Amino acid sequence: MLRRIVHFFLIAVIFLPVAVLLILSFSEHWIFPDVLPENFHRQTWLRLFSTESELRQSLGLSIVVSLCVAFFSTLMGCILSRAVSTSRYKKYYISLAYLPYILSPVVLGVLWHYFAVVIGLNASFIGVVSAQFLICFPFGFIILSSFWTRHISNYEELSITLGSSEWFRFKKVIFPLAKPVLGLCFFQCFLISWFDYGLTQLIGGGQVKTLTLSVFNFINEANIFLAALASLLLVIPPMTLLFFNKKIILKRTLIH
Amino acid sequence: MRLELQNISKRFGQKPVLTAVDLELKDNQVMSILGKSGSGKTSLLKIIAGLEDADTGNIFLNETSIISQKPNTRHIVYLFQEALLFPHLNVFDNIAFGLQAQQLKAAEIDKRVKAILKEIDLSAHSSKFPQQLSGGEKQRVAFARAIIVQPQVLLLDEPFGALDVDTRETMQKLFLKLMKAYGIAALFVTHDLKEALLIGDQIAKIDKGYLKTYTSQSEFIQDAQSGVKEEIDFWMQIQQSK
Amino acid sequence: MRKANSLTKFLRLIYVLLIVVPTFAGFTYALLHSLGLTGLLTDGLTLKYWSEALRDFYMWKSIGFSFLIAVISVFLSFCIALFLVLKLTDDFQKKWFHRLLFLPLCFPATVMAFYVMQTFSKSGFLSRLSFQFGWIDHIESFPELTNDAYGIGIMLTSVLLVFPFFTLFLKNIFDAERLQDYGLIAQSLGAKPRHAFWKISLALLWQKSKSTVVLYIIFVMGSYEVPLLLGRQNPQMITPRIVDKAQRFNLHDIPQAYVMALIYLFLVLLLISLMSTRFVQFFKKKTHA
Amino acid sequence: MRILKYISRLILLFSLVACQADREPQAIDLSQLSWDQVVEKGQSQKLSMMMWKGDPKINAYMQNYIKPHVKEKYNIELEIVSGQGNTLVQSLMNEIQADVDQSQIDLVWINGETFYQLRQIDALFGPWIDKAPHAKLIDFDNPFIGKDFQQDIEGYEMPWGNVQMTLIYNSDQVQDLPQTRSELLTFVKSHPGKFTFDHHFTGLTFMKSLLIDIAGQEELAGDFDADKYEKFSADLFAYLNKLKSYLWRKGEVFPEDVAQMHQLFAAGELWFTMSNNDAEVDNKISEGLFTKDARAYVPDFGSIQNSHYLGIPRKSAHQYSAMLVINEMISPAAQLHKMQPEVWGDGSVLSPEKLSETMQEKWKNTRMRTNAPPRSVIQKKALQELAPEYMIRLADDFQEKILQQ
């Protein structure tokens, strides 16, 4: 019985947000004490596709930015966590990775803008990707640091003595073993980048118009119906990604 | 002479791990090294394999110094206590790993892997994954994977430590059979006295970084430090008390 | 151990530079600004921003409030996650259940805050439902759940955002560490289930998840969009306060914002060092006892 | 210890970068140039304009009207980016501090305190507005246009539109509109929780009109006067404190911004909201946020009318193009289009008598908005903006005396 109640509660907690957003995105005039809005229509959705032709561009740009950030964060996280894993000071290196978290990205964005301007990377695609990378890659580093265990280095040493070159070792041993963690890392970094608003707005100076920026424009227009629609746009892609990527994340426990 | 160690020493910081270790391993011979954990045995093996650097000393393989040679070109395979089969590869691919690393032709690999599978009696399991094997089967695959590359020297770090008594006995026999069949020289580290005696043509003992080699089994048994005497005394006492 | 080769050393240096230089650059800039050493409107070195900020009661209140919100949210999330992992252990084998728990990870803070606003505010769904069912007779009688003095809305959102992550995280630890087995061992050694839970499972879980918990406390402490939407101006969480100060109409307030950012940073560092040394030892003693 | 040494070296390095002396940018001598030369130099460039993008109608106007127009006429590629107030000031400030060669922003939409701040850090290009041919049509003598928060615009920003603050109310609930301060107090007392104001721009503007009502327009005209501020603001805060416990949420919390207040109003939680733009109520009804019952009015104590402006950053590399675009944005056709309630409903800065007769005719025949009173009616209750320091002080004191009590 308890189990049923908990199940019900969980489903409610998780699906209600989507439901609420969906209802709002299809409605107008939602006045107290009506539980449901007065009118339901597709106007909000249609409007999205008609007047805002910029939106598709934003979506594309967002995907490119997030993929870039996730790719480089995972790559660098992997290489660097590997380099650090054999160090006696591994612990200290890892604690260093928490540093960028200490200030929230919003505050860091304010602080970094000046330097971005100095090196001429403000208001540019590369600037935004770099800034997001600086936030994401320590995260990737932390995730991937947990991968380089004694166990993995035993595998490596074994394959070395079996005569494998560095590249062969990476291709045949390290990469397949790391794949689940790399997938997780990639996904997490993708999400951080995908959800980021503050850094992109500040470093990009509003000129690198990712989807989050467009979405915030809607929210700033004080229209909850458009905001709901915008929120859905933010939520759906990661959900899709998760749906296809989930296997990777589930396999995470395999190596243990 | 297959393998020769001269004056190998190693420290971690202030702590000496190995002190002036000399060792000679002849062709087609297995040397058992008896040692407790923390005696420096793992470091010794890793230095021979090239996975760790020695502070001083030299290593010769067939009269040539290999001390500065890269570990993947030394033809010395190091086996861990665990079987360490690659979880993402099936039995066949696990065994073929070393051959693939040498970029042999697929047909050649196929032939050799199949032959060795037969020898370790696992032909039927060729497409299984490691998770589906028992402990003994895993260990057999691990052996086959090491032997198939025909190493100059095989280094084994308590390979049977985690197995149950029966499997352990079978494995010891299989091991000896394979060593002789392929003519491979090996260093076999164990903390089990009986296993050391059973497997080694030569015997050595390592304690606190000092290695002592014995010329013969009888010399080893005579040595008060070897622990053999205590073992015999123990059994005698049991017998007497009955 | 084989000595690190020069490439490895180079990579380590790159790592340190990538982390330290940007963060440090930011801090240095903030420090110089807060001391009046840089900035377009500065009159030169001064400590007035620091003394002003340090004496600002509301900044301390903000920091305390943020910390409290974060600790409570993370604690609740941890409890919910623990409950799910311990009580619904079998359900994690089911595909739909696992999939379900991953969904909330897709919600950015803004969207979750927006949802909480639309559902739990005085004019939100719940209030309307209560009205239809006759539980309240007008809008004012619905309790304040958003923009409230106790940060309920913020905590609710934070819990919604954090608990699925904790659940998956704890479940992983649970499996990896074979906690169930430990529990059984402890019980076979004569420990009562409750005792086994507190001494073995929880202690181990805590050890393994400690750094993640701290990370999330900091994450919640530094949240910006959520308190912006669901918080109030007094008490106010620290990040909106800093940004508020930095973006007020008064340009001369900016250095104070930097001071606040630095103080906040310092306290968070303090928190981390406290958690990483003292607490570990404390728990180690407990588990060894 | 060694780490400390490195750290101190790094600090030194950064401070050197940070404290770099400003180089003087190459100045453009406008007096030597004719407008034709400006046209010639400004054509076919890419231009980046930073503006508040919080209104879909305004965005659509820029996107669908101004952008294609300047593209066609001068082959100028106008890029519109989001950013206002402090974001904008911070951006330009950092650029000046970092001493970049050219700014990322070429055109800004500003007014009041942003203008004041940009002038403070000398971020604006100018004076230049006399050069633009359409500037002749602007009624600079009108104090609501020619002065921005009591500051002379000195040729550094071009008026673009003019709006007046209105209170928006739910005509279903509110019949007797509070017209004076005391009526407002009585009303709020008898309907607790239905009225509030945000603690940002709009709310501050509302408080300013109360302050002017207390002090009288003449008292506060001109530059900031600290003594007068102390004197009259004391009365203002006394009044607000009387109001406070009857406000929304007993005045313990105020909406973050006008957007949040609109939502509360739309949901029925509030009976009043407000806007700096007198056309807002019609806009929000057509967006479907407000119901048709929403109406706007200006109480008898008056409301502030102000203008918003366009400026060019000093470090912009496309100052000629920016001038061309701005000139087009204040053309009679563009201003007329902008006035339509269904387009934007923004008040024009041009004086109709300076226009051609056909234009004047069109001016008269613009369709009126339905839910806000006509411009001519609320104009009579218009109050002038105060010097920017009043707003800055009010914002600080509001924090201290109301929010943190």
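Lettered A, B, C and D in written order, each chain numbered from 1.
One rule holds for everything that comes next: a residue touches a chain if its C-beta (ideal position, glycine included) is under 8 Å from a C-beta of that chain, and two chains touch if they have at least 3 such contacts.
What you see is a predicted model; the values in this text were computed from it and never measured.
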Geometric centre: closest chain by C-alpha means: A
Most heavily contacting chain pair (counted by C-beta pairs in contact): A-C
Taking each chain's C-alpha mean as its centre, the one farthest from subunit D: B
Averaged-CA centre spacing for the pair subunit D and subunit C, given as whole angstrom: 37
Approximate Å spacing (C-alpha centroids) for the pair subunit A, subunit C: 18
Euclidean distance of C-alpha centroids - subunit B vs subunit C, Å: 50
Length of the line joining the C-alpha centres of subunit B and subunit D, rounded to whole Å: 81
Multi-chain contact residues (two or more partners), subunit B: 51
Sequence positions of subunit C contacting 2 or more other chains: 1, 25, 29, 123, 139, 246
Numbers and ranges of subunit D residues touching at least 2 other chains: 18, 87, 90, 97, 260, 267-269
Partner subunit B, residues of subunit A touching it in the complex: 154-155, 157-165, 168, 172-173, 176-177, 254-255
Of subunit D, residues touching subunit C in the complex: 7, 10-11, 14-15, 18-19, 85-87, 89-90, 93, 96-97, 113, 117, 120-121, 193, 199, 249, 252-254, 256, 260, 264, 267-269, 388, 391-392, 395-396, 399, 403-404
In the complex with subunit A, residue positions of subunit C that touch it: 1, 4, 7-8, 11-12, 14-16, 18-20, 22-23, 25-27, 29-30, 84, 87-88, 91, 98-112, 114-115, 118-119, 123, 125, 127-129, 131-132, 139, 160, 164, 172, 175-176, 215, 218-219, 222-225, 239, 242-243, 246, 261, 264-265, 268-269, 272, 276
Of all residues in subunit A, those that touch subunit D in their complex: 28-33, 39, 43, 51, 110, 113-114, 117-118, 120, 122-123, 201-202, 205-207, 209, 213, 217, 219-226
Footprint of subunit D on subunit C - complex, ascending: 21, 24-25, 28-29, 31-32, 37-41, 58, 121-123, 139-140, 144, 147-149, 228-229, 232-234, 246-251
